[in-house]
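The first chain written gets the first letter, and so on, giving A, B, C, D, E and F; residue counts start at 1 in each chain.
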Amino acid sequence: AYSTKEERPVGRYPVPNKKDMPYDIVELMEEVEKKTGFLPNIFKAMSHRPAEFRAFFAYYNAIMNKDTGQLSKADKELIIVATSVVNRCPYCVIAHGALHRIYSKQPALADQVTVNWKLADLSDRELAMLEFALAICRADNITEEHFQKLERHGFGREDAWDIAMISAFFAMSNRIAHFIDLRPNREFYTMGRMPHGEKED
Amino acid sequence: AYSTKEERPVGRYPVPNKKDMPYDIVELMEEVEKKTGFLPNIFKAMSHRPAEFRAFFAYYNAIMNKDTGQLSKADKELIIVATSVVNRCPYCVIAHGALHRIYSKQPALADQVTVNWKLADLSDRELAMLEFALAICRADNITEEHFQKLERHGFGREDAWDIAMISAFFAMSNRIAHFIDLRPNREFYTMGRMPHGEKED
Amino acid sequence: AYSTKEERPVGRYPVPNKKDMPYDIVELMEEVEKKTGFLPNIFKAMSHRPAEFRAFFAYYNAIMNKDTGQLSKADKELIIVATSVVNRCPYCVIAHGALHRIYSKQPALADQVTVNWKLADLSDRELAMLEFALAICRADNITEEHFQKLERHGFGREDAWDIAMISAFFAMSNRIAHFIDLRPNREFYTMGRMPHGEKED
Amino acid sequence: AYSTKEERPVGRYPVPNKKDMPYDIVELMEEVEKKTGFLPNIFKAMSHRPAEFRAFFAYYNAIMNKDTGQLSKADKELIIVATSVVNRCPYCVIAHGALHRIYSKQPALADQVTVNWKLADLSDRELAMLEFALAICRADNITEEHFQKLERHGFGREDAWDIAMISAFFAMSNRIAHFIDLRPNREFYTMGRMPHGEKED
Amino acid sequence: AYSTKEERPVGRYPVPNKKDMPYDIVELMEEVEKKTGFLPNIFKAMSHRPAEFRAFFAYYNAIMNKDTGQLSKADKELIIVATSVVNRCPYCVIAHGALHRIYSKQPALADQVTVNWKLADLSDRELAMLEFALAICRADNITEEHFQKLERHGFGREDAWDIAMISAFFAMSNRIAHFIDLRPNREFYTMGRMPHGEKED
Amino acid sequence: AYSTKEERPVGRYPVPNKKDMPYDIVELMEEVEKKTGFLPNIFKAMSHRPAEFRAFFAYYNAIMNKDTGQLSKADKELIIVATSVVNRCPYCVIAHGALHRIYSKQPALADQVTVNWKLADLSDRELAMLEFALAICRADNITEEHFQKLERHGFGREDAWDIAMISAFFAMSNRIAHFIDLRPNREFYTMGRMPHGEKED
């Protein structure tokens, strides 16, 4: 157990020195660090295996940064929080809870979903979206009824695909994070806590 | 489902007007409000039944505000957070997570315990304390082995009693909160988020 | 493991001598012993902590001995049996099963509920009452649907509160009993076993 | 739901009239009724299918009435109670609890095992026997370790077989009883309740 | 752990020499071996206890080889596969999967049911049959609703009895097989794998 | 439900015509079909989303076709079978069971692992490998103890990474397959069924 005073390592595998990393990986890291203000630990941890680093973030990019469909950035982060809670993944719940606060401007919702998503202050549309994401998360048999419930809240077949792929990708990510013992950067805990309109920091 | 913009009601039972409440209850509420800066919703909700209000807070007081034993105020709040997470109780996790941040000056620990207590940055003593509290929480058969594990971390028989009674009391409280549909005051979400030494406002 | 021949201790904490107990506790014990014919072990066990003894029985009294509402004494005992079975609490199942036999004059029902409440010879009203009590017992999310089911069997909102509070209080009591390793007095096993009209001795 | 006043039917399948039953079945029934004082409902229910009646009781006889090995009649009934509790089978728990009281002269033990076998007043030998029976009951993978634990309490390989076969047979019987909705005869509830030496009537 | 090259023993109990077995048991074995082409290991394993051998196969015969009712031989094997999967019984899943392939002429269905019965290529009638069999398998409370669902697919009360008894009998058999550590004969793995019309050898 | 006579569709999303697919995807498909003798349905199903097709197979390639480390091709397939069984994924269990038979020349092992991996004829090394893979599969907290167990069977930290990533990737794949309702090609059911040395056709 670590005292909360000292800084935890990123995970249980060593992080290579930047000078030993392939150039494309350094480049991606610097771009992310510039945009976010710090480098999320998942980038450091995955750099232990460059080929898998590239595969992981290319896949992430293909499902998280596509522009089509009806899922907002906040919707996607909400799906990640809800499914990562089921797997009790510290990195993903804390990091994507922070991203949800940033994108949604709702400072309390991710915390509510972390405790009990069915009692969170969600719209019926969001509830339907999470219900489907969690059926995927639990590896339930998926039936036509699942699709019909989604449709009642305006989600078409392609939206269903998008929800499912995010939930499935984080089924993988949560397990990778458990394996690596990946821990969230300190910055994530406080990001976006102040309500919309109020200045943060 | 409530929009996050409007204020949620305290719970599903009506809260009486202050002027219709017995004097001792008003007095206790005012004392708490003065000390905390706002009146936690549990006080409002329980005032629906004055006799039970008195019994609930008298019991709470008997186990939470006794001075003897080795449990700090932060320890007690940590027990409450960990056991309330098992029961997915929004009010107790959010409110007592806030109190833990205040008492412990550790802004991230309650969030970590909420996601996955075994991976939180806890001391071995805290891990042993929560392990015992959660055995009580699950209504496990309690054996001598449980007491021996506690003793290895400096908790005597009377400390075990204190841990057990807090966990047992919140087994009740979590269920009352679910019944009432009790929701945390907004203030709890942000209380104590800034690390020790930094000014919070 | 104890032979069934010798008398078990009341629990794993020492019971103080009567002469060392506060007067109000002795007085309450004597009153109960007079009424019941023997002193139920919960009174002995809780006297280890006088302040908690007082809080526990005051709370018990506030919810079990109120006269209003539609729950009969037998109803209340049935709720306690059903919820204590879920937590596998020897003291509460045996003691409150006995009290149910006494109040209901039904010698077999508590035994049936102990094995499988859904197959017990219960009225639809009793089934609805237990269904709600067990939702509380499991710390389920409680929804309007739960209240509507109760209403179809004549239980109003205040009755729902009464059922919930008994179930929640015994969520606490069962865990305290497990912690103390509290065991039923021998008398409870045979109390009220003879059917109504037949003499018991 | 049945009122407890009227007599419940034996189960959900019709019981043939004695005059329509094959002679060997009538003969067996009369023998049992003479010995027990009443005809346990399982005999009535199974007579719906004479070939299966014969197979069921022949099998029961082969494992319950063999004289060799170290299991006493009370041991066998204890195994049946413990495994039938897991399957929440009203008939088997109530009927074999009664038989255990009769054979063991211990009026409280079956009730204790019904609530929580690990907290019952059992000898270490009985605990080991039930632990093994319940591993069979849950269809666990059985390993050499299971046999070694039994051996430490004096149970050889042939005793293990006897325990396993009783547990396995009642895995079947409990499910048959659930299917038939078989209910215990009223007599079972009170049989053997008075402690050894006291007269029962 | 055994290498797959060497032949595993039949189970963990010794199999008597044929010359030491009672004549009726030898006779039954020879009849089965002649019919099947090899002697399934369950016959060898049960011969350790001749009285139980006779009881087991007499019972099996009474429920599996009756001619009345609507269950085909393939239906019965499908029930056995589905319920044995729940108990993770290697012998019963592999052996009865083979028998199902033989009787149904469907080489893939048993494998599908082994992985996920709800996603297998089953008719609605077969789904209803397995749903009921698995309710028995889990020792669920059986209600009138269960019977009505069966009736909607053409299964009467006597068919329900047949399904239930097969499921209940294999609740026993699966547990006996786990106890004995019974393993399938090699022949079962490949029996009936070739689709109908193609020659198998 | 589909009759087993007619051919099932690949899944619930439409498969584009080859002429509408991007060239690189067609090229990869033709290469696979040439090598395997038929085109596994996962390739058809994923072509619905070309960008995700590329990401999925690039990732698959990065973890399945790397040459370093101690995992044989058969080991990797065994991990996939064992983890896909937990998620009850028809496509992955059947397809990768077939691949395991091909690579391992062991015609029965995948079937054994499908029913009950702990009772399969596995070496201790294989048991340790699957135990770790299943801890990842269940999203367990991974501790140093897990790594030490692996080391006792010759698996280093980089092998642990390989096992974990395969298990995590199939946590995703199983869920994608459930979402798509992906079904195995008929060819997979019989591939590699004949033991080593015997001709298969």
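Keep this in mind: a residue touches a chain if its C-beta (ideal position, glycine included) is under 8 Å from a C-beta of that chain, and two chains touch if they have at least 3 such contacts.
Everything numeric here is computed off the predicted structure, so don't read it as measured data.
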Higher-contact pair (C-beta pairs counted), A-B versus A-F: A-F
Chain separated most widely from chain C, comparing mean CA positions: F
Rounded Å distance, chain B centre to chain F centre (Cα mean): 46
Chain centre separation in whole Å, for chain F relative to chain E (CA means): 29
Chain C and chain F, separation of their C-alpha mean positions in angstrom: 54
Multi-partner residues of chain A (at least 2 other chains): 88-89, 116, 119, 141, 181
Touch relationships between chains, expressed as pairs: A-B, A-C, A-E, A-F, B-C, B-D, B-F, C-D, C-E, D-E, D-F, E-F
Chain B to chain F touching residues, read off their complex: 116, 118-119
Residue ranges of chain C in contact with chain A within the complex: 141
Touching residues (chain side chain A, partner chain F) in the complex: 13, 48-49, 51-52, 54-56, 58-59, 61-63, 66, 87-89, 136-137, 139-142, 157, 160-161, 164-165, 167-169, 171-176, 178-179, 181
Touching residues (chain side chain E, partner chain F) in the complex: 1-4, 8, 85, 88-90, 93-94, 106-109, 111-112, 114-116, 119-124, 126-127, 181, 186, 189-190, 193-194
